[in-house]
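So, here's a batch of structures to check.
Next, two complexes with chain A in common: one pairs it with chain B, the other with chain C.
Moving on, here comes the complex of A and B:
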């Protein structure tokens, strides 16, 4: 009863430790159990005030730079913001010049949007004119908006005269055992990933960019997911929870060294350096079924304790899991088909991917159940990194009973443009 | 060109005034053009730190009291938070006692949730137990969560033995000229309105309450809308924008006197005092069509300037519209079929309703257009207040070309329970 009361206030750590929630989190960071501490790097953004570093406040005033030299686009290295609007587009033209114009216009608009500015007049002086900007973000702060542009496999084809610019590792993902795709939730020739601490600002950004795509006759909306309450952590962030109630992102990539090793491309054609491959999955989670399962079973599925996030081999969230540890009966503490066992770099030849996932809901499904899941986005320098891990998970992950991969796409994300240039400019120049 | 550059940074007020955005907003408040200033009243919530009063920061630490004596449920008078999850439920029983148990369990759970606490153990001590709380809000702040419970028309029927407890003005809404309902987006016997500054906290609340409804065999989910970037303002808030890009809520009810006159019931059966009728509409907005319209036409549809929010008869947002003012040609400055003309209390015998609306998006529709709109929620002491205004708007509002009322429901929202009681307790006692 006493334990019950304590846990009800969220103040009970696993393993019998009694610490306040805040004490526990700060303790974990200060103790350095593998947690990243410093929240500041080039992409962490500028603000008129210093960040409190607290999860109790959201500072909407912050803006993130769009342009850069020899760096990745924002939205990969950037610590995940609280909301996402992800959308893919189909090209409606094979005119290379038209695509070039769209990428140039998108880049100019994104630079404005990330500063918290409209992309043009909302209420033009000239009588009878339509607005250049739809206006719903007027007066709102930038709220750390980042918009990341991806180029799909069909961009690099003969039809567009761009076959010779194909990134060396770009291809459709191979068929995996977890695939249960709905065609209307797959693919796309262009992608926009708008992440922001204000959902209205994210929606406005994608809406106005989609409007430009249609106005120029270059691309048409294909599929979209709106996500919230990010599930994966970034540098300096406490680990958020997915809709299974578990922490997601404890072992995510946070160190620059790992970004260089696993995420950003540094070889091949020069214009692709600091680019990355974006893999997106819409993963439906059968949360009502999940909720009827014993928590001890749930823990075994993840390989972690639900409340503390600690691996089943240990006590603290950021402890390194001991995949060989066994209990008194000789059974593995972290089952061999536990999610963290299958996905761990220790068990996959050192492979890591950067995850940038968000929770989503589609309301209520046809059979009256809550329709929700995970918008999984990963970044890697080679799509094979994702495939290797997902092939293993799809074959034997204990979680498969509770999830369906219903959407999927892959994009190449070129590096950030330098000021005065635009995303993908190198595609259209003779030099590469 | 100069004007263009100025407006691009959002710093141009209508009517030739040049003020910075922040200066303009502060000026409007300080100048007292009808704007509410004081952000504090009983329901404004408690926080470990003082509120900055700034729209640049969201203080997630704040919690709102659930219990109260002789006051309304939270979520009506409470200044609108940034997110909403609205859901209705169908009763799956005619057992009055079962309904009573559900309302009691919901009340206890909501009281916990609004404090930022789980509704029970996430990871029970007892091996083999399922969790009482699904866990995804563990470690998150209350973020000003309010959960408001509504009772639908079919609660007060012979089937449940509650016909004699029917609130005097409770009935199904009459057919209105704007109705274009999809049956699956209408009605319900119970409603939950969860408003919160953290979308994940709102989702968790409704998910766990829906779980209790199913577990007890009392109610089944019916329809739901998730909304963001509130469109209507509350006391002490700057006016947000809807997805037509216009300010929404400039003339909303903010003064206690108006709440008493128009919103909260003060006569009839005593247990209903401080109750209110909740009308909900899911209004699809054809934003892609809207975006092709001239802004001067859009202004005429609303009767306001898009950027400043000022009535077409004036210069400042909070100016009282002059519905008789004419231009040099003798034409009304605010057209007779403008939205604010038709909806104004001056033109409707003094009738006002409290609006608490949010923007929503359903992604992309079947014809490839952005699918978005407004979750309109109003509170009034008599459903006829809504009907009177909506009948007028539905018949001649210039906005009708761009909107469809696709969902609708009505609920009676009983007052807040005192501590130790629960929502609707008086329904089940002999005394009323």
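Moving on, here comes the complex of A and C:
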């Protein structure tokens, strides 16, 4: 083990480990590359090696800064990493000071983790001591880990003395058509979204942060999802596929202008500027039924061609869909209940949300079916943006036959802390 | 509930002579700057920053003998979350949960002349020397003495529990020898609690003439082995083999009588051995942690009492045993780390609140039967409340081990 660590360190010193997903996995991929990394916000990446042109390249040596001034937390604007470990927590205290300690301890630990450093001693010298860090990420690179902390609706209550710090638009999501939530997969007072190009690094981060929550007596785990194969594209990334086999995120938000318009809060109390609302849905897919559906019907459900990703009104993935186009019989090329028809900003008064979803599997369910789906995560400056879209989708999306929204939660994600501070510090100070 | 009443309140730490060789003096120590005195105490500020891989700096590295207040501020050090004042590796005072952005926190201790160390785990240089000038203070009411009293008190507690176990198992044996299955079932649940209170202290006993790896001579195996961990070479003995006969087979056979007589004999052997046990403070801390592990792995899962489903009796007993061990450490722990001590006490109180809701005087043993339905609905809640106790409690061992 120690030898491994030494070897790994040596390798890191020699320039890190670089895996190109293009070179590694995809012999040939149609178009879409070439966009240079243009980091902004908190996630201006640092790497010992200059980036070579595409965010689709995995550079395990890359680390993302945690601290920042007047910017969003990492993990929103950050180009989606390959894996996620998402967990929510229930508060076990109404002591405001205890919550403050947890957020400060979490922030310090996340700063360490995102650098690829342990959060403390793994093998303490002192007799009888338990480790500060659990150790399974020793020798692993940061792999672009980002850990994003969210605060649930019940944080901003009288019980904690934080009612006056409630972000103006913070509330529980309203009930929407086709909601089929299981209580054990729903809600939470705190959330951690750990995204990383190395699954073990993401797991270690959340595990050790959950441990701090228990050590400080502040919070307890509620539900968690481990996801893979990012199912939403970021800037410069080829559009990945969800477990339906379709490209997901072709029309996702990528431009800073859209981030400013739809994602990051810039008004109201100063402490919420560059914050955002995180909506999470655990969406189970009825995989077996989907797999036995004819592809022409699958295409009609999405409104796109499965392989190319092109809208049914066109030929290329990034063509703007023509929702009015009809075939020779006078039928809409993109059916009115197709997923993209209902979700498009053109048909929703210009509303957009940032999607940052991942595929998940929980193995095989109690009735012997593949238990898998999409961990849908969206960011928006107003929860109503999500509600407006989901209200339409939940009511009439052709996809509803093949999915169930089984879990849901909403969190306010405060801005990144500056160095020497911590996430949510403004909640505990006098300023408003 | 035995607890130590005679708290020694004065907190004076012995100045230690002859320690100079242990800590290399800093080059600048000849110019040691002495802390100013305000409000009757020397004032020392400790500042943590992220510079150079984590730094831990004192504004004054010396003080006059007497009360010294250390004020700790974490400015930007993400790798450091606690600071301790040590004297020859003994913890005299400390602050935990330090993180950048949190307000300054302080602690005050009364120090005699001598060499001390400020320990900042996670800093590039973890130990900083601190010198107190003046008369050494004689040891009196030290933390070590409080722990010594605690371990003695705990030994009495264990003796009492084992004595009571001999009585209870004697009643179980009598009912079984008489072939009275109703009586045996009435007595079995109550007889379980004693072993479960102290099992972490006695699980290493090997009978004379047996190898440590031979389960045939392992008292814990012979008394408390469950179906899930059987050693086919030795066969099934003890409480749970009897439990199977009573609750699954619903019959007392000659085999059951043999098992009961053997259990009674083994419990008496245990009584002899337990009386000779001596404990170190960390044994109490580790024992308490082990009992909580037992709760997680075999009670909440319903594995311990697979036939009688009286797991909640064992659950409550494990907790009582852990809490007793903690209670005997508490007077010393309060001197070292009052925050951790009160957090652990609070989490024990939370566990109690939950356990109370399972009491049912109509059921033998006093707790609800842990049915499959109750397990399905409540196991996660029970596990989480124990997890919340386990994490802070796991920090105690190292604190008390250093206090000897």
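To be clear about the criterion, the second predicted complex is superposed on the first by the 383 of 432 C-alpha atoms of A that agree within 3 Å, B and C clash if a C-alpha of one lies under 4 Å from a C-alpha of the other, contacts with A are read in each partner's own complex, and residues count from 1 in each chain.
In this text, a contact is a pair of C-beta atoms (placed from the backbone, for glycine too) under 8 Å apart; a residue touches a chain by one contact, two chains touch by 3 or more.
Bear in mind the structure is a predicted one, so any value in this text is a computation, not a measurement.
A.B. asks: With both complexes overlaid on chain A, does A:207 touch chain B (first), chain C (second), both or neither?
C.D. replies: Only chain B is touched by A:207; chain C is not.
A.B. asks: Touching A:296, do we find chain B (first), chain C (second), both, or neither?
C.D. replies: first
A.B. asks: Under the stated touch criterion, which partner chain does A:120 make contact with: chain B (first), chain C (second), both, or neither?
C.D. replies: Once the two structures are laid over each other on A, A:120 reaches both partners.
A.B. asks: Please indicate which partner A:130 is in contact with in the superposed arrangement: first for chain B, second for chain C, both, or neither.
C.D. replies: Touch partners of A:130: chain B and chain C.
A.B. asks: For A:217, using the defined touch cut-off, is the partner it touches chain B, chain C, both, or neither? Pick first, second, both or neither.
C.D. replies: second
A.B. asks: For A:246, select first, second, both or neither according to whether it touches chain B, chain C, the two together, or no partner.
C.D. replies: Only chain B is touched by A:246; chain C is not.
A.B. asks: What is the contact status of A:92 with respect to chain B (first) and chain C (second): first, second, both, or neither?
C.D. replies: second
A.B. asks: Per the contact definition in the header, classify A:384: touching chain B only (first), chain C only (second), both, or neither.
C.D. replies: neither
A.B. asks: Tell me which touches more residues of chain A here: chain C or chain B.
C.D. replies: B
A.B. asks: In the overlay, answer first, second, both or neither for which of chain B and chain C A:61 touches.
C.D. replies: first
A.B. asks: So which bits of chain A does chain B touch that chain C touches too?
C.D. replies: 112, 117, 120-121, 124, 127-130, 211, 214, 220-221.
A.B. asks: Can you list the residues on chain B that touch chain A in the complex?
C.D. replies: Answer in residue numbers: 3-4, 7-10, 14, 21, 25, 55-61, 82-83, 112, 117-118, 120-125, 127-131, 133-139, 141, 198-200, 203, 207, 210-211, 214, 220-226, 228-229, 238, 240-246, 287-288, 291-296, 298-299, 305-307, 359, 361, 363-364, 368-370, 372.
A.B. asks: Where on chain A does chain C make contact in their complex?
C.D. replies: 92, 100-101, 104-105, 107-109, 111-112, 117, 119-121, 124, 126-130, 132, 211, 214-217, 220-221, 417, 419-422, 425
A.B. asks: What residues on chain C touch chain A, complex-wise?
C.D. replies: Residue list for chain C touching chain A: 50, 74-79, 81, 97, 99-102, 121-122, 282, 285-286, 343, 346-347, 350, 384, 387-388, 390-392, 394-395, 397-398, 400-402.
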